[in-house]
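Right after this note come the structures.
Each of the next two complexes has subunit A plus one other chain: subunit B in the first, subunit C in the second.
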Partner chain A sequence: MRIPSLPHAAFLLRASLAAAAVTAAGFAGPVFAAAKTSVTIGMSVEPIGLDPTIAAPVAIGQVTWQNIFEGLTTIDRQGKVQPQLAESWDISDDGLTYTFRLRQGVSFHDGETFDSSVARFAIDRARGDASVNPQKRYFQSIESIETPDAQTLVLKLGKPTGSLLYWLAWPSSSMVGTRSADNNKTTPVGTGPFKFVNWAKGEKVELARNPDYWNSQAAAKLEGAVFRFMSDPQAQSAALQAGDVDAFPEFAAPELIQSFEGDERLATVIGHTELKVVAGMNNTRKPFDDKRVRQALMMAIDRNMIVEGAWSGLGTSIGSHYTPNDPGYVDLTGTYTYDPEKAKALLAEAGYPDGLSFTIKAPQMAYAQRTSQVMQAMFSEIGVTMNIETTEFPAKWVSDVLKAGDYDMTIVAHAEPMDIDIYARDPYYFNYKNPAFNTVLEKVQQTADPSEQAALYGEAQKILADDVPALYLFVMPKLGVWDKKLKGLWENEPIPSNVLAEVHWEE
Partner chain B sequence: MIRALRRRPVLMIGAFTTTLLTAVALLSLFWTPFPPTKIQILQRLKPPLEQGLLGTDQFGRDVASMLMAGAWNSLSIAFAAVLIGATVGTAIGLVVSVRRGWLEMLVMRACDVIFAVPPILSAMVLGAFIGAGRFTAIIAIATFMVPVFARLTLAAALQIWTRAYVHAAIGMGRSPLKITVVHVLPNIANQIVVQVTIQLGLAILTEAGLSYLGLGLAPPAPTWGRMLADAQTFFGQAPWLALLPGMAIALAVTGFSLLGDGLRDMLDPRSR
Partner chain C sequence: MISLLLRRTVSLFVTLLVVSALIFLVMGLLPGDPASIMLGTSASPDTLAALRSELGLDQSLPVRYLSWLGSALQGDLGRSYTYSVPVAGLIADRLAVTLPLALMAILMSVAIAVPLGVQAARHHNRPIDVAISLFSYVGIAVPAFWIGLLLILTFATTLGWLPASGFPGWGAGLGAALKTLALPAVALAIPQAAVLTRVTRSAVLENINEDFVRTARAKGLGETTAIWRHALPAALVPVLTMLGLQFTFLVAGAVLVENVFNLPGLGRLAFQSLSQRDIIVMQNVVLFFAAIVIIMNFIVDLAYLVVDPRLRAAEQ
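Entry: the complex of A and B
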């Protein structure tokens, strides 16, 4: 079973043999882990396509980012920006010209050579008029792209953009080939350590090691990887116990986590994510157009009880749209602490002495449903009636709430890191318009100094905590459950991902 | 009482169970040990007798109170749905038994179509238009009940129409309406009553299925089906959360079906 580089068909055969061997061993007794050269990763949500540059769902990046696709820059385990396909760069003193030195000898899985013209193509595709890139705004400041030679890429900006290098590392900024880009949705072709093999819709995506990977030090340690999709937490638990799935980096049910404690074979790893659970309000719709109403609702909520009731106590309360692992985090949970009496008084002051009634459009996911139910009970204490309307996610939620903005209140976990700028977006579903806030965020981009940026982000957090365009509830933890012999998976999630290059089995 | 129980054990057990459930359901309108929607998160997942009679759920709500309120929600929806279904279905069946011909063809084929669509599915479609809730659940279940009663009534009524006393009435020039009311309906009433009882059990089961899928009453109103759905992932920690509403559903369905069987035996002239 230890033959070096093999073509696809042989790999598949081998993978199935390995799987058969594992199953057989499962019946026989102890598993021969040493023979395992592939890993099966479980995910709750199946991606709707495999091109992270054309659609927003994070599941796309969780399969493809850093496995199939790479960017000019990347984000490491600690959330720091690192060079990737750009080996170095110079930023002009005015912050308006970025000159990237691209890596040589990089090629796509279909053989296309990566050079400055390909990089320009990829960025133009993401920022062009026809682009449907989910983070298109990140490319807004780029005015022109120059390619003086094959190894040099120059980005000319219209205004300083301090987060550009960070944004270029995102899944949505992945480098795509000129020949393959159009088909990436179904057959992704990138420069990464793994190649796409097959996608059995509704079941799994299979990847195989890229033998021609440009960086021999960071090449994949495994021969192959499989992503399997199952949404039911009990099925997830059963698959882990049976060894059908080696790892669930984001296990879906916190209440089932403790059932793995003390397990001989499985490890429970609780890390950080960027998943901010916030209950957004329609800031232009009555009564939410009155800041006092929003503040009163915030004061009606006991965040610790929400975490306890909705997520078995596994989560961290937040007071603004920011997580404790982000640079410049300020703990603002004290801005409007739980105080039903004050909340009632403020509601009366806003003209609702007898309370009010509205509807929350809550997705079907457990965290949203449970949090809504706890909030409903807390609101009833201050005379506010909240009706819960279950709204199917993603399709109906995206069309009703995100696109049409037809809602009073909703609740959803925002997965993207450092996305506080969504409150400056117009239009965006909160319908929050605050020029002072927008100015602070513009200032963030005018500097490249991290400490100055952090201070500005602190200011932005405070504005939101005080204005309460959304009820800030908690950050979900990353509930990882995986085989103790499996090493190299990320414990934390500075950006939604499953980076597999370093993953291997320990003898 | 004991003699009655010995003579008709099925009927008596069914009657006892359903009366008890109905009493509990009615009681919940006036009194429950705790408010069934009161959340006390610090008291979450307490086992039976440690906190309240039957323990607490994942939000610290009192399970016994929720089951009581759930009984009312479940039974009231089932009764309303079966009442509507039986009335409309019986009326259709009686009209068709008079007219027959192409109308019978049409109605029977329409019944087949409704039978082909499970109530869960029609509730989902309805829910998409008017939103989930009590009304949706009642209408969805009632729609499913209509063909059951239409068919039963038609078959039973057609038999009556062949009887000599009906022929005599026709000969005397009685109008079809009068014959239906005076002769047909009273003679098939027994069968309809039996069917109503049996369908009540089915309606409770369907309502539980709808709320299990999130198509029943909106939270915070407690329903047995949603209690069961919520309890699933807590089964390891708090098995009573799944077992208790499960038992309540089983009890209600069995109760009504035993009552129906018992009534049929009692009312069937052949078994007398």
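Entry: the complex of A and C
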């Protein structure tokens, strides 16, 4: 099969420059430095505001979550829910009453004491009428909040919500102070191991160690941390090689990652993100209303070739809307494997013996463009013509595809962890309606038992893999590049974050 | 002269007013809703409505324009949707990078282009001219960001003389700040110098055989003096026009170079606010660019009068 010429001129140019960069780095000589007590972390995207409870972009949580802000619960490196500002909890047998015992001796960076009234304020702010919390629906089932004493918080639910403890760990569920909440967007104040110092817009955010952190065992090991924002992959690469940044936990360009191999100072650590690259289809629009057409298109796709062509072979194929980070992951890439002959036969059976033609609305990002081009070539093998229409992301994509549902096929990386429930939402851009699937997801919420939930999530994954409301392609790798002496950064990203408390330099 | 200044100032304000209304109209027609972008894919309709009313987006376009105009006349340009800080401060911060960068680039460009242009004209169609023309062809063809990449590889990654990217702020000291601006200024200056060299060359060529230059030679001036004292000043009008264009380009159009060097300049602010649909920032930045163009034209017009006595006479 012929893959269209992906590496166009500019791309080749960049690759050759990167090669030159490696050669150049060899002559740069060792970098001598005194024992470092701070770290500079590079990020591709600058957050818009620093309050994760009022805006969705993951970059906000990647700066603030677990560094400045903490939650009642938290998520560890393995993706498991752990206690944080709530040291323990009881769930009533009917699953409708959650009683949290809050930690004593916790205070915000501005001195405000954290207690049950503050926790109640934070949750009410997220679920109230004037709330602009991007995940407000997570608080939907909470009917009332009681605070019998300063260390006890009781949430009364209208219906069992098995994911509540997990959702409470999210950046958007962070505990915020009554005095500081309104200004968190520009000067965030939390309870975390780092305090906010300064934000030079367009350039960097600086944090300093919180000397009064409530948990002396988990206090920050470094004196300070700086997040620097640079969108251009070449600038990222140069900054890493020049030592201007110590780590790029999510390096932007897979085609440049090889340039760090063999570097004696920098380590390359490849893990999983939660970014699921899926090509969603408009399930109510012809011909995608016919399940056989969707299945045929899935069988026309060789996922390994896609990962190779679009993302330099880095990334993990998936067969459903779920990542290997997530509890209960099942590898379903074998449900519809690459088989163009079968795909053609199934298309004929569905009434399209001569193929068909449609348009994909693909955002401008490299992964979306390249994946679309590879898919276009693969579809042409089974007589399907796919036109590629580039759509500006996020603005135009959000209004045309997500809001208006005006598209045949689209492609986007879904960033939110554990968001398989989007297929049960109505309206949602897939226009996928399957009562059996919805029932499984409702059952997930009726139990708080992790192993029961994992089994149900397995069922949900299988339904999607069989029904193919979207073409499941791959999970984006977390391309970490950092100084070999820097320890403690997360290899995987079960939730978008840069947790820095454990990060330290090892000589 | 004073009446000219007055007329120009009035027309400056009228133009800005018209331009601001146009910009508001165009921004209003842009697809994309800032609230949806900020709240992401999971936002419910009621949270979107809450955010829209918080940002004032629930009001009609004319109402938003008039309220912006009212506050702008009092010096308040509004507050960024995304950063939540006053737009005026945001623009001022970026100007502290962009203006010095543009000035450095312009000075370098003039320092390179004028001598090269004069030499090329003087040695018309001889090897020096050909070599200089070659430089200007290459300089025009090669994009500034690519020159920037080469400079980074050479001076930052390999030699380690200058930082690869970023801007420490003027608070870090003049030396440190100028060090970070040096490479991007060179990257911006080279293509500009290439264009300017060609303009200078042809302008000087047009004048070099004029009677007044021949007279200068005839009264015994050397070729160098004749060109620099007589031919070049007469050739300055097209050069100044080009400089005016280049300055506005450097203020408004340096976004690619700012990206490569990761400089928090005005171009990146414009790009970022457009992709985030931070409309209030976008409107003000575009308006600022328009103002720069108008003001630069004004300054260039004045400069014509200074350098060219013929125009001065016509004006009087």
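The rule we apply is simple: the second predicted complex is superposed on the first by the 472 of 507 C-alpha atoms of A that agree within 3 Å, B and C clash if a C-alpha of one lies under 4 Å from a C-alpha of the other, contacts with A are read in each partner's own complex, and residues count from 1 in each chain.
Just so it is clear, contacts are C-beta pairs under 8 Å (C-beta built on N, C-alpha and C of every residue); 3 or more make two chains touch, one makes a residue touch a chain.
If you're wondering where the values come from, they're calculated on a predicted model, not measured in any experiment.
Contacts of A:200 after superposition: subunit C is touched, whereas subunit B is not reached. Contacts of A:250 after superposition on the shared chain: neither subunit B nor subunit C is touched.
Touch criterion met: A:234 reaches subunit B and subunit C at once. Using the contact criterion defined above for the overlaid structures, shared-chain residue A:493 touches neither subunit B nor subunit C, since it reaches no partner. By the document's definition of touching, of the two partners only subunit C reaches A:186; subunit B does not. For subunit A, the partner touching the most residues, choosing from subunit B and subunit C, is C. Of the two partner chains placed by the overlay, only subunit B lies in contact with A:258; subunit C stays clear of it.
Contact with subunit C, but none with subunit B, is seen for A:137 once the two complexes are overlaid on the shared chain. Common to the subunit B and subunit C interfaces on subunit A are residues 234.
Note for the complex: subunit C touches subunit A at residues 30-33, 36-44, 46-47, 50-51, 54, 82-85, 90, 93-94, 146, 149, 152-154, 156-158, 160, 163-167, 169, 259-262, 264-265, 268-269, 272, 275-278. Residues of subunit A that touch subunit C in their complex: 13, 17, 20-21, 24-25, 27-29, 46, 48-49, 55-57, 129-137, 185-186, 200-204, 228-232, 234-235, 238-239, 241-242, 244, 392, 394-396, 398-400, 402-403, 414, 416, 419, 422.
Per the touch definition, subunit A reaches subunit B in the complex via residues 233-234, 253, 255-256, 258-259, 305, 308-309, 364, 366, 369-370, 372-374, 376-378, 380, 387-390. By the touch rule above, subunit B contacts subunit A in their complex via residues 37-39, 41-42, 44, 58-60, 131-132, 214, 218-220, 232-234, 236-237.
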